[in-house]
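Both of the next two complexes hold chain A, though its partner changes from chain B to chain C.
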Partner chain A sequence: MVSSFCWSCLTRLRSTPRALLPPSVTAPRAAASFHTSSARYALPTKKKNSLDGPPKYREAKSARMKKKKPTDRPRPPPVGERRTLRKRIVLSNPNALEVEGMQDISAETMVDSRLRGSILGLPIPMIAQLRAVQAFKPTQGWSIFRRPGTVVRRETLELGRLIDRISSDGEDKGKAVKKIVTGARGTGKTVHLLQAMAMAFTKKWVVVTVPEPQDLVIANTGYASLSDENPHVYVQNEVTAALLSRTVSANEEVLKKLHVSQPHPDLKSSIKPGMTLEALAKLGIQDPAAAWSVFGALWTELTATSPASGFEKNFNSRPPMLVAVDGLAHWMRNSAYKSAEFEPVHAHDLVFVNHFLSLLKPGSKQSTLPNGGILLYATSASNSPTEYGFEVALKQVAARQAGVKESSPEFPQADPYLRADQRVIDAFNSPKSSVAKEGSVELQTLGGLTREEARGFLEYFARSGLLQENINDEWVGEKWSLAGGGVIGELERLGRRLRTVA
Partner chain B sequence: MVFILGVNFPERNLKSLEAFFGIGNNTSSRLLARFHIHPTCKVGELANKQVLDITAALSDMKIENDLRRQVLDDIKRLKETGTYRGRRHALGLPVRGQRTRSQIKTAVKANRMERRM
Partner chain C sequence: MPPRLNLFSVRASVPVFRQPSTPSVNLATALNLNRACTVSTTHGLNASVQTSGRTQRRWNSSGSDGKTKLDSTTADQLPHVSEEAAEMAKIMDKKSDRPTASPELEQGTPVQEILKRDKEAQKHAPKVMQDQIKKSTGTRSFSTSTRQWQPELNGQGKGFDEQTAAVVANMISNVNKQAEELHPGLKFEAPESLPKTENFRKRYDDLLDQFTKLLMRDGKLSMAQKNMTFILDHLRTASPPQPNPKRRLLPAPPGPQLPLNPVLYLTLIVDSVAPLIKIRQQKGLAGGGASVQLPVPLLQRQRRRTAMRWIIDASDKRRDSQFAQRVANELVSVAEGRSGVWDKREQVHKLGVAGRSNLALAANRR
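Here is the complex of A and B:
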C-alpha cells in the first residue's frame, strides 16, 4: 500500500503528533475516495444494540420481550352513571314546535270517537304518576316532540269506553276484564299499556304495574324461602318493596283516602286502626323484610268489597284496579335462581310472579278483581325468550275465545315431541268464571294503524316541525305500506328519517 | 369489611368465596344456592345470619391448609409404597405418562422432594 502523502509534509502541517489525535470517524470514508481496499477488508462493524447494551456476565441471551407499558385509559364513569344514562327518559324537546289545538286525555276525550286518528297529549300533572309506574321506556321516541302524546286508534277507543263503563254506573260496573296483548314488533303494545294507565289515572283507579318482568327472574335481587312450611316457594323482598313504592308514589292521592278495613293477623303489631292504605304500603317500603306480607295486606284491602266487623269506621268503597305487566314471556321459564338443592327455580315458584299469574284464573268465591278493573298483560316482541309452551298457551287462549271446544280436534295442542312446559299451559287454562262480572282471559292482537290513523300520526310529525312534506293521501299510503301496513313503530322511524327535504 | 371464616373480605362480589383454596366455581355457587344468596350479591349485603351460615358450612369443609396437607400426604403415601407414580414424583418427572423428551418444566418445578403447595 503506497501512501499518496508525503508523511514529512504532513507532520509539518500539523504540529500535534498523530497518536494524540482523536480517531476520526470520517477517516475510512475519506480514504475511500482514493482506495477501496481498506474499507473492503475492514472488520464488519458491529451492529449497535443500543437498547440493551452489551450482554452482561452470565445473563440470558435469549430474546427478551419488552413489557408493554400500560396505556393511560380514560377513567370509567362512576358506578351507576352509565345505567342512568341508558335508562334516562326524556319527555320533551324544546326545539320541536308546540302543536296547536292538541287535546289532553280526559274523561271526555277518551271516549270521543271523533278524535280517532288524532294525537291526545298526556296531561302534565299525570306525567309524574306515569313516570312513577315506569310507563315510559327509553327506546320510545318521546324525546323528539314538544310534549308526550299518543295516537287514538281503534283499540284505544275501545279501551277508553271499557274503562269508562267499568267506572260509571251501568251494567258493566265492577266488571273484571282480563286481556293479554300481543302483536308484532313496534305495534304499540307498551304504549297501549301506557294509554290504559293514563285513562285509569284520569278515572282515579289504582294502578299496579310490573314494567320489567325480566328483572324478577334474572337473579339480580335477593330471594328467600317464603316460609318453613313451603320451602320451594320464594319471596323477593327488594322487588316487592320497589313495587310498593311504585304503587304508592303513583296512586298516593287515591290511597290516602282509603283506610284499613280488614284484620291482618301477620302485621298485627305494625298496623294501627284507622291507618290509610298509603301508610300501610309505606311500612313495606321501609322494611323490605315485611314487604311481601304488606303487599298481601294491601291487595286484600284493595279487593275488599265490605269492611270486616269492627272496622266499619270511614270505609270507602274501593276503586277499580288496573294491573299492567309488560313482557310476559320471561315469566314462562326457569328463572336464574337456584333452589337449596341447586335445581333451577321455575318462575312460577316465585311468589310475586305467581300472584300476578294467578289473577288470570277465576277467583274461587268472588271475582279476582271484585271492585272491577282490567288486567292487561303484554308480551314483548323485541325482548322475549322463545318458550314453546307459552306459544301454545296463547294459541289455546285464542281458540277458547273463538269458542273452540277443548275436546274438538281443532283445539291447538302442544306437540308432544317439543316438551311444552305444562305449568305454563295450565296457567292460562282458565275455565269460565262462576261470577258473571268476571270475564275469562282474552287475547288481543295489535296490528298496524289504518290509513286514516297513520295520516293523523304523520300530520302530528309535520305540525311538530319534524317533517317538511306535503302530506296527502298518496304520500301517506306509500309510507303506510313501507311501514309494513301501518306498524306504528316503523311509521315513527319513517317520520324521523324524513326530517329534512332539500 | 366482612369476616368469613376469619378472613376479612372487602365488600365485593361473592366471587370472594373462590379465594379459598379448594373452592371453585361449582362449590361456591352450590354453597350460595344452599343459603338462598343470589349470584350477584355483594359481601356487604349479606345478613349476619347468612355470614354465620356460610362460615359454619366452610368450617365443615376440607379447604385451605387441611386440603393442602391431604394432597401432600397422598403424594407421600405414593412415594412410601414405592409405586411408579411415587417414584416419578420423587424424581421430578411427569407422573401421568407424558413424554419427557421436551416440555417437562412444570413437573421439574412442581415434583420436588419436599413439595410445597
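Here is the complex of A and C:
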C-alpha cells in the first residue's frame, strides 16, 4: 500500500513558526540583557562531590570541616625571646615631636623651684648609667615620647635640695637620710627613685640599687650557706655578682678615681696595693664565688672615712651614696628557698637582704653611711605580697616619726591574733642614732600631683603631639579628678588615651 | 523712677505694712530673673507667713514654689520690704561709717515678733493679726486663699495701681522673652556637644571596638584589649609608612603625621582595604543548576569587618612569635601596599564587575 502523501510533500513542509511551539523548559523566562547562549549551550557541569548527595558506602554523613593547615612557626620561640620582649625598655619614639625648651636635670635645675610642674629631661649620657642600674621599668610609658623626662613635683624638689645639701659644704654635709617611700598604685614611687638616682649621678655619688627584690627570694638563683660558722645564713653569688656589675657599670667614672685604702684579710691574695675600686669590684664579677666578700670589701671602702695605716697613698675622700631598693615587701616574708632541714628560709636570713635591711638600723660607732647619703626604700603597690607584720612596721615608723612614744597607747601595736612577723617589726625598730649626722627612718607617702603639676604633665603630652586637645584649667581639672586626685600613673593613661574627633 | 518708699524713714519705723502692688518698679529686681521669685503679697497673715528673706525661701522644697507661681499682673517681683530697706541702708551708709544694718533688716524678721515688741505698730496692724494676737486659738476666721487677690476675681474696679502693674508685667514679660531667645529653656549657657566617646559605654572608637572584638580569642576580651594596645603602640612608634603609588591609602594627613594619631592610622588602613561588595553564589538563576556570582553591596561595618578578617588571616602566615606583633606588622605592610590583602580586595572587585550582568537575572527573577 502506498501512503496517502508523497515524500516530496513532506520535504516541502516548512518548519512551524517558533511562536506555536511550547516554550522550552531550559530557556530563561525573560530575555537577559547580555548573551545567554554560552550558559544555555554549556555542557552539563559535572556533579561535584557535594555534601548534599547521599553518602557513599561507609562514609560519614556529618559535615566535614576543612582543617586549616597550621603555619610552621619556630615553636617554641627561641629561649629568652619572650622574656626579652617582655623586659624590653624603649626610651624613645622618633615619631613624637621634640618638646622645645625642655631642660635637663642638672645641678642647677634640680633645686630650681620655678621649674615645679615642668618636665625635666634625663641627660643623654646619663641614660646609659640609669639603664645599668635598671632604673626604668617596662611598664612605664617612656616609649611614646621623644626622649625620657620626668615631672618636677614637690617631692622631687625637696629631694633635689636634700641631695644638694648633703653634697655641698654646709651643716648638712655628710648627713645620712633614711626614707621608706610608700603610696598608692601609680603615684610615682619608682620614678621618684629614678629621679633620686639621676640627681645622685649629677652630683657624682655612688649609686647602689636593687631594682627587683623579688628576684632574690623566689629561688631562681643558687644559694649556699655563708660559712660553716653560721650555717643558717645564706649567700647568693650570682645575684651579688649582678649587683656588683650594675654598680660598676653605672659608677665607673667615680670608682676609677678611688683606690683601695683598707686591709681586706680574706681577699689578700687577689687585692693588689693601689688597686682602684672598679678593679676591686670586677674581681667579684669575674669570680662569682668571691662576689659576696668582694661586695663586703667594696662596701668597707666606700664607707671608709680615712685610710688605714699603710694605705695613705692617693686616698680620695669617698663620695656620698644613694642606696635604692624598690618593692620592699618581698623581703618581709619567708623566701622560696629551703634550708637543709627543708624548712623555709626567711628572707632576712639571706645575707644580701640582711645587709640592706641592716642599713636601716643606726650604726654602732659611726653612721651607717659615714660619708653621707640617702637610703631610699620604696614599696610597690602593684606587685607586693600582703604581709601584716610589714604593715604594722610601717605604721610604727610613721608613729615614731610623728613623735609618738612607744610606751603610749597611741603607738600602733600588732594584733596578737594576726601573727605578725616579729623579725619584720624588729627590722624597722630603729632607735634614734647616737650620731648627729644620721637620721632615723622616715616614712614618705607619695600622693597625687597638684593641679598645676598635672597641667604641666598633660601639656607635655600635648607638646609631644600625642594629645590633641585644647588644654585649659577646666579640662585639666576634669582629668585630675578622673585620675583619683592627680595620681600620675592614671594621668598618663588619660593622656595617652585616644579620643576620636567626632 | 522714684523710690517707692521714703527710704530715709525706713530704718526708723518698721515698714512691714505696705500697700499691695505699689505703682513703681524696682527694675533691677525685675530683671534678675534667675532668682527664686518672691511674691510679697504683704497683706495680712500672708506676709507674716512668708517671713524671712530670699535665702530661706530658696531652700524650700519645690512644692512651695508652686504656691508662689506668678500671675501676669502680680509678677511684680519686689524684694521683701525689710530686704529692700537693708539694701537701701547699705547704699546710704557707704559713706558714713556706721554699721550697715541690723540683722533684722538684713535677714528679715517675722512680723509677729516685731508686733510683739512694738506696741505702737500693733495698733495699726490689720484686724486679722490683731485678732490673732488676742486669741491664738489656731483656727482662722479668714481665708488665706491667694485667689482672692487675682484681678479677674477682684472685679472691674481697676485703679491706677492695676494699670501700672500691667505695664510692669508687660516689661517683665518682654525681658523674659529676650532671655528665652538667648538660651531657650536654659539657666546657663548650653554645653558644647560632647564627643561620642565621652559616654563610657561608647568610650572606644567604633572601629577600635570592632577590631578588638575580632582579635578576641576564646572570649578573652581583656587579652584582646592588651593586644590592641600593643598594636596601637606599634603603629605609634613604627616609622611612618612609605606610600605605594599603586595602592594608595584613602586621602588623609601626610604619612609622617599618621603615627601621632594611631587610631586614625588604623582606621585609614582598614577602610582603605575594605571591599565595597561581597560575592554571593546564587544557584538556579541561569538554569542548569549553574551558580551565578552576584555582587552584593556591604554596609560600612560589614566592609570593615571583612577587611579586618582578611588582615588577621593574612597575619597568621607571618612568623613572628606574638600574635599582636604579627597583626601589627601586617597592618604596616597593608599601609605600605605590600600585603596580600590588597590582592584579595582587587579580586573581589574584579569578580563583582564581572558579575554585574547577573544582577539583571536576579532582578528579573523577583
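Quick note on the criterion: the second predicted complex is superposed on the first by the 423 of 502 C-alpha atoms of A that agree within 3 Å, B and C clash if a C-alpha of one lies under 4 Å from a C-alpha of the other, contacts with A are read in each partner's own complex, and residues count from 1 in each chain.
Going forward, contacts are C-beta pairs under 8 Å (C-beta built on N, C-alpha and C of every residue); 3 or more make two chains touch, one makes a residue touch a chain.
What you are looking at is a predicted structure, and each value in this text was computed from that prediction instead of being measured.
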Item checked: Touch count on chain A, higher of chain B and chain C -> C
Next item on the list: Give one of first, second, both or neither to describe whether A:A39 is in contact with chain B, with chain C, with both, or with none.
Entry: second
Check: Looking at the overlay, what does A:T84 touch: chain B (first), chain C (second), both, or neither?
Finding: neither
Next item on the list: For A:N472, select first, second, both or neither according to whether it touches chain B, chain C, the two together, or no partner.
Entry: neither
Margin query: If we overlay the two complexes on their shared chain A, which of chain B and chain C does A:G222 touch? Say first, second, both or neither.
Written below: first
Note to self: Going by the contact rule set out at the top, does A:I144 touch chain B (first), chain C (second), both, or neither?
What the structure shows: second
Next item on the list: Could you look at A:T386 and tell me whether it touches chain B, chain C, both or neither (first, second, both, neither)?
Entry: neither
Note to self: On chain A, which stretch or stretches are contacted by chain B in one complex as well as by chain C in the other?
What the structure shows: none
Notebook entry, point to check: What part of chain A is in contact with chain C in the complex they form?
Noted result: 26-30, 32-34, 36, 39-40, 42, 44-45, 71, 73-74, 77, 81-82, 85, 90, 93-97, 143-144, 465-466, 468, 498-502
Margin query: Quick check: in the complex, which residue numbers of chain B touch chain A?
Written below: 29-30, 32-41, 45
Note to self: Under the definition above, what is the set of chain C residues touching chain A in their complex?
What the structure shows: 195-198, 205, 232-233, 236-240, 256, 259-263, 286-290, 316-319, 321-322, 357, 360-361, 364
Checklist line | Parts of chain A lying in touch with chain B, wherever the complex brings them together | finding: 219-225, 234, 336-342
